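Sending over a structure as structure tokens; questions will come in a sec.
In order of appearance the chains are A, B, C and D, and numbering begins at 1 in each one.
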Amino acid sequence: MTGHHILTLSCPDRPGLTSAVTQRLFQHRGNVVEAQQFGDAETGRFFMRIVADFADEAAEGEFRQDFSGLAGTYDMEWSLRQADERRRVLILVSKFDHCLSDLLYRHRIGELPMDIVGIVSNHPAEGHELAGARNIPFHHFPITKDTKPQQEAQIRDVIEETGAELVVLARYMQILSDEMSAYLSGRCINIHHSFLPGFKGAKPYHQAHARGVKMIGATAHYVTADLDEGPIIVQDAEAITHADTPDDLVRKGRDIERRVLARAVRCHLEDRVLLNAQKTVVFGD
Amino acid sequence: MTGHHILTLSCPDRPGLTSAVTQRLFQHRGNVVEAQQFGDAETGRFFMRIVADFADEAAEGEFRQDFSGLAGTYDMEWSLRQADERRRVLILVSKFDHCLSDLLYRHRIGELPMDIVGIVSNHPAEGHELAGARNIPFHHFPITKDTKPQQEAQIRDVIEETGAELVVLARYMQILSDEMSAYLSGRCINIHHSFLPGFKGAKPYHQAHARGVKMIGATAHYVTADLDEGPIIVQDAEAITHADTPDDLVRKGRDIERRVLARAVRCHLEDRVLLNAQKTVVFGD
Amino acid sequence: MTGHHILTLSCPDRPGLTSAVTQRLFQHRGNVVEAQQFGDAETGRFFMRIVADFADEAAEGEFRQDFSGLAGTYDMEWSLRQADERRRVLILVSKFDHCLSDLLYRHRIGELPMDIVGIVSNHPAEGHELAGARNIPFHHFPITKDTKPQQEAQIRDVIEETGAELVVLARYMQILSDEMSAYLSGRCINIHHSFLPGFKGAKPYHQAHARGVKMIGATAHYVTADLDEGPIIVQDAEAITHADTPDDLVRKGRDIERRVLARAVRCHLEDRVLLNAQKTVVFGD
Amino acid sequence: MTGHHILTLSCPDRPGLTSAVTQRLFQHRGNVVEAQQFGDAETGRFFMRIVADFADEAAEGEFRQDFSGLAGTYDMEWSLRQADERRRVLILVSKFDHCLSDLLYRHRIGELPMDIVGIVSNHPAEGHELAGARNIPFHHFPITKDTKPQQEAQIRDVIEETGAELVVLARYMQILSDEMSAYLSGRCINIHHSFLPGFKGAKPYHQAHARGVKMIGATAHYVTADLDEGPIIVQDAEAITHADTPDDLVRKGRDIERRVLARAVRCHLEDRVLLNAQKTVVFGD
């Protein structure tokens, strides 16, 4: 018996999809361990995630071969991976490293199935606590208005060289160029603070304090050209009071940000997030 | 095209189940709108809930016929119902009627797909606000230690006469006899307050206050002979402080109780809850 | 001993305020049962809420007399009321009456210390469940674009005649004129749905669904000319998923809206909310 | 002007307390920045926390001198400390170091006003990630049934030598002897997982899973002889589903535990927690 495999797919909805997919698995000695599906009534699109074991490697190979034909017929986007395959992840950070620190911790105890192939910061290594990041290459790529294209090229080089499959903006405070955003589309997760109502622009916690909101939150989303507007993966919020200073909001925000980002990264690494135009389907988080 | 139907099933897990079920649906011109499944690795039991449309009534009839055979082969417990079929519900209440009041409200605006076939109280009608319950028969069945068997017989009579499919203990403060609990097993939902840590016995909010807990909660569960220990359907909790008096806890508890009970009732009415020995599987709540 | 009295005050901050106030209470045989204060470091404004008992009515009268002088010296806005004095409240509603229904319920069981002096709707009585509102005058004031000034005049008449001290917009879907907003300033609470990020305009739940947010919420605030932007009193939010339809969001939103509005109304009735320019101080909710 | 000072006190309740305390502050040129009080109607005990600035050090000295007399008269337990004075903290840990790791992180970024004077583990240093703990003495004190008295004596020695004012059991899995618990009473915080309903004994997450609860939580409390029953400081909980395996519960539990413990430690360090017999008063968390 092979270990768990994760099959994800999305395609135009039509009758018989679940049957066609699960029957094919059964024929090739694949056993469904877990399955979730969702049909978006508005867009007419169908989404599915299956965790399956195969009798042996040959069975998996045959299934992959056969399924590839089916996928063509049904116009599917699909992926089949071993569940314990660790993805290569590059983390970008700026001055505040609470999210970096949290990801390093979760990585160390094996909570997140990933290999961190590098850390890029626009601040020098001395500004970060990297003791938990031994053996992880650290890249200091400073940036100014004038050197942005070159700095982004440096990041792209690291991505290409390391084969990074996911880029995590762990409070990376530089706005990516449209080209960079397009380049990273669908494989880059950002975290930003958000509120009820939302605040844009600089110093959002100070804005929230000035507005007197009673709740603060954070949003993890995929990067698109429009920085804070990509498909949302995870959100969370908690109550605050009039007695909370802007500093208190920053402190509470740090905690929300790190848990929201960690959850989004975990969902992505476990193939739980499927893109649905400007939205996401998040299975079984 | 028929309206939505809900198929639920549970059986010993084995390869090919999802395939067998969905294929059968496809053959009989049933279209899967929504599907969820869960395999309990510990008990080896498989659970599934499918929302499906059929091409026409004949198709549904054929499927039902055919599926019945399959269910025998796989040793399934199963049910197939029209999603908009309203279940007959009997509500039992004692002195405090916040849960009754909330269920009546949700019933009135059509949030809960049920017909309320009666309200039973061990207190007289004058003690309740029944203005929102016009046309719903009200039964005052007083109870004393000595008359418990007779009173429970009265309730059973109402259940039999009305064909009630679900009994909701909406803060019904009488402990059911073992016979009554067994009679209602799997079709009776109770709400009780619970805490971290839990408190048993009388005046739980006062106990919680005396203990100085910082959180109170409520649990909705199916009734078994052991009153507060049946399979749990829904739980929720919220923060309290040292400044909350026992009265404050009672007030906050009322709100938690009514939303937890309403959610549990809705899940049951939508066939989202499947029994898994002493536990439940709750799909897509 | 008199029953509880609630003293609230706000004034420019300066040393000795707490001492001056509590000393004055002590001198007039007032006993502090509960006290909260807050100094806003940014605006330099001081806020206080004290629950106190007096030895007898004479003591209370003397204190009030004496305190009035102190308040002049310190430039205080202040109020002293009996805690069990019930405020007169007028409720405005449109088509959806889940908030009205909830307030009526809480009023009936004595959870909210208020007398409801009337219900105003721009829809006829038949559209509402008013069985729980016996003895409460119902006013049907229809409104069109052309009759808005007259309709608002009708509402003002009811407010004047009943001496309503608080107006609750319980999902009243008409935008108040600037004059009406100014007239109601500081004594009118509105509830509106809000999200992370916030959505303005029509059909907010549909907007939220289209955006794919993972959390919805609601805000209760005082009315100002800018309808959704008045000082915030209470906010709450909860998680949703991709599987929630716009109808599900509306259903979940109803629950959040009614509990957020009820909490805001209770805080107001218990003198827990003090205005701090465009923000609020909410004590000990 | 001196920096912030924190005055906490508790005593039998009687009229004039707030007045007496704040007047004394005013007389000695102390300015109240923040004040909270609570009178426990059941036990007749009064609790107060004041943040105050003094005009200069002399003023603070005079106040302390004068207040000491008042405290005698009113039978007060009290404390007056500089708010930015860092307390000496000793952390005890066993195999799982998620709470230790989190506390080290918060310490590093200055979120918690403490000096960590040592880490004690019954497991060797190699088992922990101590890179973030440079300059913090690590003590490996193994323990067996037979050596418990000696091991506890070693811990006491470290406490005495370092002058540790607070001991944090950051998932220290050894049950303290009654003597040790008594020795640490009121100055030792423990974290334990708790549920609705609560589970005692070994493998609580597995118990919770077996019971099918829909919510897990954690409790931070002061240590008493009865390990899990000391005065509760902070609790939190979150929803789980049937699909969560025991491993998922452990993972989710880690996150709840670290944030609950961090919050309790911060509250303690900021003098927000006052003991009220078997309960706590937690001000303005």
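Here, a contact is a pair of C-beta atoms (placed from the backbone, for glycine too) under 8 Å apart; a residue touches a chain by one contact, two chains touch by 3 or more.
Model, not experiment: these values are computed from the prediction.
Following the contact convention of this document, C, D is the list of chains adjacent to both subunit A and subunit B. The interface holding more C-beta pairs in contact, when C-D is weighed against A-C, is A-C. Residue numbering at the subunit A/subunit D interface overlaps substantially, since over half of the positions present are found in both copies. For the pair subunit C and subunit D, the distance between mean C-alpha positions equals 37 Å.
If you average the CA atoms of subunit A and of subunit C, the two centres end up 41 Å from each other. Across the assembly, subunit A contributes 34, 38, 243 as residues in contact with two or more other chains.
In terms of which chains touch, the assembly is arranged so that all chains touch all other chains.
Across the complex, subunit C meets subunit A through its residues 38, 40-41, 194-198, 211-215, 217, 219, 231-237, 239, 241-243, 245, 276, 278-282. Considering their complex, residues 15-19, 22-23, 25-26, 29, 31-39 of subunit C touch subunit D. Interface residues of subunit C facing subunit B in the complex, by the touch rule stated above, are 34, 98, 101-102, 105, 108-109, 111, 129, 131-132, 134, 243, 251, 255, 259, 284.
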